[in-house]
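Below you'll find the structure I mean.
Read from first to last, the chains carry the letters A, B, C and D; within each, the first residue is number 1.
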Amino acid sequence: MNFRSDNIFGCPAAVLDAIARVNETPTHPYGNDPVTARLNPRYSEVFEHEAYVFPVSSGTAANGLSLAAVTPPWGVVFCHRLAHIVRDEWCAPEFFTGGARLLAVEGPDARLDPARLEAQVRLTTHAGRPSTVSVTEATEAGTVYALDELRAIVDVARRHGLQVHMDGARFANALVSLGCSPADLSWRLGVDALSFGATKNGTLTAEGVVVFRKDLAEDVAHRRKRAGQVSSKMRFLSAQLEAYLADDLWLANARAANDAARRLGEGLLAAGIELAAPVQANLVFPRVPAALRDALRARGFEFLDWPALGGDVVRLVCGFATPASHVDALIAACR
Amino acid sequence: MNFRSDNIFGCPAAVLDAIARVNETPTHPYGNDPVTARLNPRYSEVFEHEAYVFPVSSGTAANGLSLAAVTPPWGVVFCHRLAHIVRDEWCAPEFFTGGARLLAVEGPDARLDPARLEAQVRLTTHAGRPSTVSVTEATEAGTVYALDELRAIVDVARRHGLQVHMDGARFANALVSLGCSPADLSWRLGVDALSFGATKNGTLTAEGVVVFRKDLAEDVAHRRKRAGQVSSKMRFLSAQLEAYLADDLWLANARAANDAARRLGEGLLAAGIELAAPVQANLVFPRVPAALRDALRARGFEFLDWPALGGDVVRLVCGFATPASHVDALIAACR
Amino acid sequence: MNFRSDNIFGCPAAVLDAIARVNETPTHPYGNDPVTARLNPRYSEVFEHEAYVFPVSSGTAANGLSLAAVTPPWGVVFCHRLAHIVRDEWCAPEFFTGGARLLAVEGPDARLDPARLEAQVRLTTHAGRPSTVSVTEATEAGTVYALDELRAIVDVARRHGLQVHMDGARFANALVSLGCSPADLSWRLGVDALSFGATKNGTLTAEGVVVFRKDLAEDVAHRRKRAGQVSSKMRFLSAQLEAYLADDLWLANARAANDAARRLGEGLLAAGIELAAPVQANLVFPRVPAALRDALRARGFEFLDWPALGGDVVRLVCGFATPASHVDALIAACR
Amino acid sequence: MNFRSDNIFGCPAAVLDAIARVNETPTHPYGNDPVTARLNPRYSEVFEHEAYVFPVSSGTAANGLSLAAVTPPWGVVFCHRLAHIVRDEWCAPEFFTGGARLLAVEGPDARLDPARLEAQVRLTTHAGRPSTVSVTEATEAGTVYALDELRAIVDVARRHGLQVHMDGARFANALVSLGCSPADLSWRLGVDALSFGATKNGTLTAEGVVVFRKDLAEDVAHRRKRAGQVSSKMRFLSAQLEAYLADDLWLANARAANDAARRLGEGLLAAGIELAAPVQANLVFPRVPAALRDALRARGFEFLDWPALGGDVVRLVCGFATPASHVDALIAACR
C-alpha cells in the first residue's frame, strides 16, 4: 500500500489507448503531426485565451524552460523555501536560465507571504535583478492558495516589475480544490508562464509548458530545441496531453486524488493524529510518532518522512488511482 | 508513402506491450523501479563490459549529456561538417557542455578523414582545448565507418589526449551493416561515451546515454538530473529500452530497414539513377532531377531535399516498418 | 571626509612607481613577462607553500574563478547570508561556476555558525550536491574569525567532503588583526582556493586568485582565459601585486586601516554610540539615529546606511589612507 | 627588437599621468566618479551619436560582452575563419553569450566575403538561429575593409535580420588607414556593438564596449556586472580611455604604428620579400624562408610565425612606440 508519491501510478486506460492509436499511422516527426497541431487550439479552449503549449518530458524541464522564458541570466526568482524548484531540482533552474538566482522566502504552509515577499524584493539590490515570482499551486505542503492570496502575490510582483511563474505540478488538484477555471488560476491572475503538470495526475511521460503570449512562445520554442526537449516522435507526448484533457479526465483524476486525501486526513484526525498542514489537495502530512511509523511500515504501508514540515511529519500522497481500501486500511491501522 | 524520416513510425507491438505491462503495477518513481534496475545489467551483457545506461527523452539530450561528460566547457569537439550535433541541434551541445566549441572537419561521405582531423587538432591552439572527437555511426550520409576506419580516428584522438564520443542515433543500423558486436563498435574501439539511439529504430520516446566507466557514470547522473532528464516515471522509458533489446528486436528492426534501403538503392541504380553516397545503412541519397522529384511527390511519395550532399540530391529513409510495397512502388515510379 | 568604502582611495606611491617602472621596457604580453614570472615564487614564499597566483581585474572575478575551480555546475556553495558573493555580485558566481547554487546560512556578526552550517549541509539533499563552503575573512560585518572558529568550519566541510573557499577581499586586514601568517590563515587551515583581495588595500586594478595545488591551478588557468581575465599587458597587474607585497606594504596598509577603525570605534563608544558588531578589522558599524546621520552628512561626512545589520546602522570604512584628522572630526561630531 | 605584438608596449606618458592624477583624490567607487561620468558624453562627441561606453579589462571581455548583447544563447555568429573570437579566445564567446555558436566563413585577406557569408547564413537552418555578423576592423591579416566592403556585409546582415558586431581591437589603426570618422566606421554603417580596442594602441589595462542604443546599454550593464568587469576603482580605467582620446592621442598613435608598418612593408618588398597580405594597418606578413627567419632571430629580432597565412609567413607588428631604427634595422637585415 503505497503512499509515497503521485508518480507511483502509471496512466488511465484512455491515455494508453491514445498512445496505441497514434502508433497505428506513420506521420511527420518533430511535432509536425496532426495530434500536436490540435494542442494549441485545445489549450486555448481550455484556458479561454490564446495559449501555447509545449509538451516536454519532465516537470523539472517544464519549470526550467518556463522560468528561463521570464527570467534573464542575472535575474532573481523569488519562491517559497519549500518550492520544488529550490529544494529538489539539482540546480536545473540555474542550468535552464543560464545562471539566475533562486531566493527562498518564508511563509506558512508552503505559501508565500506577500509582505515577506515584498520585503525580500526590496532588500535585493545587488544580488541580481529582481525578475520573477514563482508560486507553486497546489503547494508542496498540500495546501492551495486561494485566488485572492495569489492576487496579493501578483500585486507585489507587478509593483516591482516582476514576471509570475506558476509551478503547476499539481495544477489540476488545485483547480478542483478551488472549483475555479483554468483561466481563473492562470492568465486572469497574471500568471505569465505555467508549468502544466500532468504526469503526477495521469500521463506517463508528458508535461507542458504553457504561455499566453506569442513572444514568450517564440522564446520557449528556441529554448526547448536547445534543451533537447523537442521529441522526435512528439505526437506520443501530445496524445497523452490530449487524452488527459479529454472528457475532463484530468479533473476527474484530481478529484479522486483530492477526495482520497481529504478522507484520509479526516480519518487521521478522528484517530487523534495531528496534521502539520491542512489538507487542500492530494497530500496529507500527519505528525506520526516513530513507533507508529515503524508499525505502519511493518504492515506494508509505504511513505516518506518529511522533516521539512517537522521532525515527526510524514508525507502521504493520494493519487488518481489510490484504492479506497488502502485509505481505509491506513486509517484503521492508525487507530 | 513516406520516406521522410525514420521517426515517422511508432514502435513495434512488443514495445507498446511492455509499456502496458509496466502500467499495471504501481512502483517507485525516479528510476527506483525493477525495470530500470534491470537495465545496467542488461546493457553490460549486451556490451560484454561494465556499462551504465541512462534513459533520456531525445537524441539531442543524449548527445548533449554524453558530450558534456567528456568535454570541459572550454573544450573543442571535432566532428564532421555534416554531423547532427553541429548541423541540427540548435546550440544544444553548447548548452549541455556549458559552452564548448564544435569544430567541423571535412571528409568524404560524411566520414571524418583521420589526416584532416589530425591537422585540425594541431591547428587548434588558442580557440579552446582540443578535448573530444565525435563520430556518427552510421553517418548522416547513410555510410558506415569500417572498424579500421574508426580505429584510425581513435588513434588520432589518443595521440592528442582526446576523448571519443559516438553519436549512435543509428547504432543498430551500423551494427547489422558491419556484422560486428556492440562491444566491437564501442568500448573495444575506445569509445568513451555513446549516444545509444533507439527512437529511430523502434522506441517511442526513449534514447540512452551509455558509458563504460563508473566515474563517467557519476558525472552523467549529475548532469541528467540538472537537465530535467530524470523522468519521474522512468520505468516507461526503461521498459521501452528493455523491449527494444529483447529477442534482438533492435537488430531485426535495423536489418529490415537496411535491407529495404539496399533494395531501394539497387532498384534506383538499375533505373539509371545515381546515388550521392553508397547505401550502407537505412538511408538512400539519389540524385533526382527536379521534374522527377515533382512527379514523385505528385504520386504521393514524401521525402526531403538534401542539398548538403548536392543540389539535386534527395534523402530517402527506410525504417523498420517501411512496407516492401512502398519500396517497389518508388522504384517503379523512378523507371 | 569619505568613509564610504575602502575603494575610494587609489594606491600608495610604491604601487604607482611599480607601474611606471614596468612601463619603461617593452616585453612579452599575456603574462609571459619577467614581473609575472616572479609572482608564483613570491607568493609561494609569502604563503610558505607551493602557491599559484592569477592576477585578475576585480574581486568578483576572483571570487567567481576561485569558486568555479572548486564547485561543479550542480554544486551547492554554503556561505553566510551577508557574504558578498550572495548579496552583491549580480549572479556572477552562477555565471562563473556554470550554474552552481549559493545557499545562505545564518550566524552572528556575519560569521558562519558551524552547527547551523552542518544542519544546512545535511538538509541539502536534492537541491544540488553540497560542494563548497565559502568563508569571508575579514567578514562583511568587520569581524574576524578566530583561527579555531575557522577550523570548526573547515571540520564541517571535511566531514561532508566539501571544498573550502575564502573570500579574502580584506585578507590583509584579517591577518594583522589576528597576528598570524598567511599560511596560518589559508592552506594550513584547509583553504583550497583564496580570493586574494588587494584593491581595497592598495592596488588600483589587481586582485589575485590563489590556489595551492597544481591541478586547481590548471583549472583556474583555463577558466581565466575563457573569462577574459588574461590581461594582454598582465605585467601591469603583476607589478601592482608585487609592489603590494614588497616591504610588507600590504600589512602596513591594513594595520593603518584597522588602527583607524579601532580608534573610531572606541571614540564612538566613548561618545555613547552603540556598535552593531565588534570592530576587528577596518569597518565600523555604529547605530546612528536618523537626526545625527543627517547632521553628520550636512557636515560633509560620507558613509552608507547599512540596514543589513539593523535599521539604524551605518557603515564607516577606514582605508589605508584615511587621515587621522577625519577620524578625529567624526568622533568629535558625534559627541 | 621586438615585433611580436602591439601589446609589448606600455602606454604614453599622457596615459600614465592621467592615472597618477586620478590617484590624488579619493572619490566614489564602482564608476560613480567624475572621470567615468565624463566618458559617455565624450564618446558621444567622438562618435557624433548617443554612445555608451563600458570600460573593461581585456579585449576578450569586450568581445564577449558585446557579442552577448546582440546574440541569444541559441544564436549563430558568423565571422571570418581567422577572426580572433573564433581562433584565440578559449571559448570565451560561448561563455559570455551562454552558448551561442561561432561559424567561420572564408574570404580573402581575412575579410569576410559577402557572397559566401550570405550562402552560409542561408545554409544555417537547424544549427542555431542566425543572429550576428562579426567583422574585425582592421583584420587579423592587417588588411582594412573599405567602407563599401563593410556596407555590403551589413546589407547581408540586414537582409537576414542579423545584428552587426565589430571587433575593433585595432579600430584606431583602421580609422587612420581609411581616413574616415569614428561615426563612419560604426553606427553610420550599421554597427550595433563595437569592441573599442585601446590596449594595443596606448592604454595599459582598458578596453571599451561601445553601443549606440539605450536598450543595448542596459543589457551590457547587467552583463558587465555579472562578468566581474565592474572595476571597483573604475576611474583608473576611465582615465586611461579619456587620456587615450584626448588631443587625438589615439589617432596619432595609430598613425605612427601604421606608418612604421607601411615603411617596413615597402622596405621588405624592395628587398625582394613577398607579402602574404597588403599592409593597410600596423601588421606586416612577409613570406620569410626558414634560413632568413633563423638569421633574423639570431640578430635579435623577435616575431611570431604565422602559418595561418601560409607556411613561411611571419607576423611583424608595429606599435605606437616602435622605434624607426628597429624598422630600419629589420629592413637592412633582410637585404
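Convention: a residue touches a chain if its C-beta (ideal position, glycine included) is under 8 Å from a C-beta of that chain, and two chains touch if they have at least 3 such contacts.
Everything numeric in this text was worked out from a predicted model, so none of it was measured.
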| item | value |
| --- | --- |
| Chain C reached from chain A - shortest hop count over touching chains | 1 |
| Far-end chain from chain C, centres as C-alpha averages | B |
| Distance between chain centroids, defined by C-alpha means - chain C, chain D (Å) | 34 |
| Separation of mean Cα positions, chain D and chain B [Å, integer] | 42 |
| Rounded Å distance between chain A and chain D, as computed from the means of their C-alpha atoms | 50 |
| Residues of chain B whose C-beta touches two or more other chains | 73-74, 89-91, 95, 98-99, 129, 222, 225-226 |
| Chain C contact footprint on chain B (complex, rising order) | 72-74, 98-99, 129, 222-223, 225-226 |
| Chain C - residues contacting chain A, complex | 73-76, 86-91, 94-95, 98-102, 123, 126-129, 307-308 |
| Residue numbers on chain B that touch chain A, as the complex places them | 2, 4-5, 7-11, 16, 19-20, 22-24, 26-30, 56-64, 89-92, 95-96, 199-200, 204-205, 222, 225-233, 236-237, 321 |
